[in-house]
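By written order: A, B and C. Residues from 1 in each chain.
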Amino acid sequence: MQLFNRRSIALGAAALFLSFEAGQALADRTLLNVSYDPTREFYKEFNAAFAADWKARTGETITIDQSHGGSGKQARAVIDGLQADVVTLALAGDVDQIANKTDKLPKDWAAKLPHNAAPYTSTIVFLVRKGNPKDIKDWSDLVKDGVQVITPNPKTSGGARWNYLAAWAYAEKALDGDEAKVKEWVADLYRNVPVLDTGARGSTTTFAQRGIGDVLISWENEAFLVQKEFGADNFDIVVPSLSILAEPPVAVVEGNAKAKGNLDVAEAYLKFLYTPEGQKLAAKNFFRPVDPSAADPADLARFPKVELVAIDKDFGGWSKAQKEFFADGAIFDQIYRPTN
Amino acid sequence: MAMSDRFLPLAHTPERATSETALTRAVLIAIALLFLAAVLFLPLVTVFMEALRKGWGTLFESFSDPDTLAAVRLTLIVAAIAVPFNAIVGLAASWAIAKFEFKGKNLLLTLIDLPFSISPVISGLVFVLLFGAQGWLGPWLVAHDIQIIFAVPGIVLATVLVTFPFVARELIPLMQSQGTSEEEAALMLGASGWYTFLHVTLPNVKWALLYGVLLCNARAMGEFGAVSVVSGHIRGLTNTMPLHIEILYNEYNFVGAFAVASLLACLALLTLLAKSLLEWRFSDELAATARRH
Amino acid sequence: MSVPVRVRNLEKNFGRYPALKGVSLDVEAGELVALLGPSGSGKTTLLRAIAGLEQADGGQVLFGDIDANSLSLRERRIGFVFQQYALFKHMTVFDNIAFGLRARPRSSRPSEAAIKSRVLDLLHLVQLDGLEVRYPAQLSGGQRQRVALARALAIEPRVLLLDEPFGALDARVRKDLRKWLRELHQRTGHTTLFVTHDQDEAFELADRIAILDKGCIEQVGTAAEILEHPATPFIDSFIEGIARREAQARDWTKPHVVASR
């Protein structure tokens, strides 16, 4: 049910009180992309590019609405009935949830698009204050006394789980897989976290805007974005010796798209992510493109080489990791005791 | 009577109530003012200063953003539905409670207070549980292609729920203190129930009703928690002003965020101004209404 | 115009507490009867039940030959004066008195001109000429009382019921009003019942007095009958003060008039 549309909104203040009149009549098709927090800027640009491309190819004007929030929360909303045509979330696990709890998504959604349906990847890096006053070079520096680490709550935030798993992977390697010691090390790390925000963007704001903490464990794209928004002379990016390969997946929510008559445009929308133009925009917005050939070399140069563990290879996939670490009563609950 | 008798001795020793020295009083007043300045005035000033950080031009630019305009419009629409609805239902409920004896009256009173005592997040979640695709009525709604949550109806419902107590809470104590004798007099004089309501009950509570409506309106426009749960956060479609503020803030668009926030603050200040104007303009009548027997 | 009021075995309970235990009372047309009793005796409940403001649990009220239960409040046409007058405080004196006429259905509603002349007549009757533009808050207690009476008379009532009509007034005003009310009653001839807890008031004003205690009528009679033949020990003790003052007064003034306190 479409109560408003963008054209009528564009009429601005004059139309403010006239409200509903515009309705369906003016609307061409409208696509709803339900996404997670750090993709706001990327999809703003990408949507414009896709709409132009679609218009050129079919003559149809397409409007793409965006909804952003924590990845898990967004998946929940789609399960509860948010009419997403496509989801572009942080974790395959969140898309799996939609596939498990509703019949709107095929269980093999990941096989429908290349690269496990992940058109871009990212990794986890550190953002520190200019000049790196606490001299943070690698994960081992994060457990030192007097270092304040900002990372969101892995119970609620997809990004936070990547952070957690990257830290775990590092500890496992550094401590030769001694699980008791690894647990203790990760517990030490979370003891240094003064504020556990619910989402990645919340942590970023805590660190960058409110000035709390010495180091932010962050998506690489988010770290670049902070430099862009707050000025590169305020923050430095530190790449640790080992990190994790994050593959944010995309999928058509077929049940919704079919019901709204949007299936063709929804599929085209996601495929466009894999085109040179889509890949170039991903690189420009600090996501690592799966096909770098079309990207601007200057954009690519910003992504340093780093040893990456992968969720499937090293943690046995999301559902296993979820159960082992983040379910109620699992390892994170055991090691995390809020300070004070 | 017993009550006033019990408090009588106090009235005979008024010096006790003001025995503090001038210094103590000054300190207490200063603390109160400082507190107000710190928790009310400063944040308010901050909002406007942040909004103006990059000048008036940027401020007006943020207002012309279509998503912002859509949020303003949605907020006004939601308030325009929720406030009259709550005014009418709140009035009816207060009338029933204050003027009639019936079974389940205490339960009704408790229910009216419920939205005040439960977290707005819960208020939102109940609608997800009811109307969500996985909720009780979800399958039926889906079958009939009716979208309630993640759309305007859900936002209106959540707002109605959260703001319901304001009118009723304002009216019930007044109506109870006024008693029923004027209504009884009207009925004895041959007036119908409806005539009595319009000509006797309503005029006696109109100021309290207006207060309630103003408070209800302020909350309806400012509600965040419950609306956030049912909104779906679709930009330009289901974001109210408070939700849009959060989005802008999270996008590092601080000027935009504080611009909308200052607009919201202005609406709140206007509400307060309207309330004060009413108090000032009709102080005699208000006093007369408050005074009883 | 005026009708007799007959009360037959009226019962009323508030929860488990019985307020009226089968009360019967006959009031003749044009008679002025006082319902006298200590607080909690059921006198106000009896008055409200006759008015229809309380639903009786048993028994019957008749206005002439008509069962009151078959009449709506509007059809009963009862002039009721409340203890605290219950004037509409947001209306002028004029609008208060005109209320009952304006509230009638369009078909039986008098014209504004007729209403105006009726209201001014009533104001004259209660000696409040020229006060029609005032609000209740701008009146003295005695004036409010008379506005309430005028308002009740405006609907041309079959019966006039007054609940503690002088209860809220100071002693001197009360005395004046009593005399005035007695005269007014003689002039208008309404069947009138009034509730009071004040023996002096009842004995001075009423044609007959009904004394209630604990939900029952203990005795009904004229002042002289009750004073000379108190029916029960309760009545004896309840009117003791009156009887003593009456005896003192009888020595030097005419009967049935009570000296002021």
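Assume a contact is a pair of C-beta atoms (placed from the backbone, for glycine too) under 8 Å apart; a residue touches a chain by one contact, two chains touch by 3 or more.
Remember, predicted model here, so these are calculated numbers, not experimental data.
Select the chain at the greatest separation from chain B, using centres from the mean of Cα atoms.
C
Of all the chains, which has the CA centre nearest the overall CA centre?
B
Just give me the whole-number Å value for how far the CA centre of chain B lies from that of chain C.
46
From the C-alpha centre of chain A to that of chain C, how far is it in Å?
81
Can you check how far apart chain A and chain B are, centre to centre, with Cα atoms defining each centre and the answer in Å?
37
Going through chain B residue by residue, note those that touch at least 2 other chains and give them in order.
Where chain B is concerned, no single residue meets two or more other chains.
Among all residues of chain C, which ones touch two or more of the remaining chains?
Residues: none.
Flag every residue of chain A that touches chain B in the complex, lowest number first.
Residue positions touching the partner: 1, 3-4, 6, 9-10, 12-13, 15-17, 19, 32, 37, 40-41, 65-69, 77, 79-83, 101-102, 201-202, 205, 208-209, 225, 229-230.
If we count contacts the way the header does, which residues on chain C are in touch with chain B in the complex?
Per the touch definition, chain C meets chain B at residues 51, 53, 73-74, 77-80, 82, 84, 86-90, 99-100, 103-104, 135, 137, 151-152, 154-155.
Touching residues of chain B toward chain C in the complex: what are they?
Residue list for chain B touching chain C: 181-182, 184-192, 195-196, 199-200, 203-204, 285, 288-289, 291, 293.
Okay, in this complex, where on chain B does chain A touch?
Touching chain A from chain B are residues 64, 66-67, 69-70, 72-74, 76-77, 128, 131-135, 138, 141-142, 145-147, 149-152, 232-237, 247, 249-252, 254.
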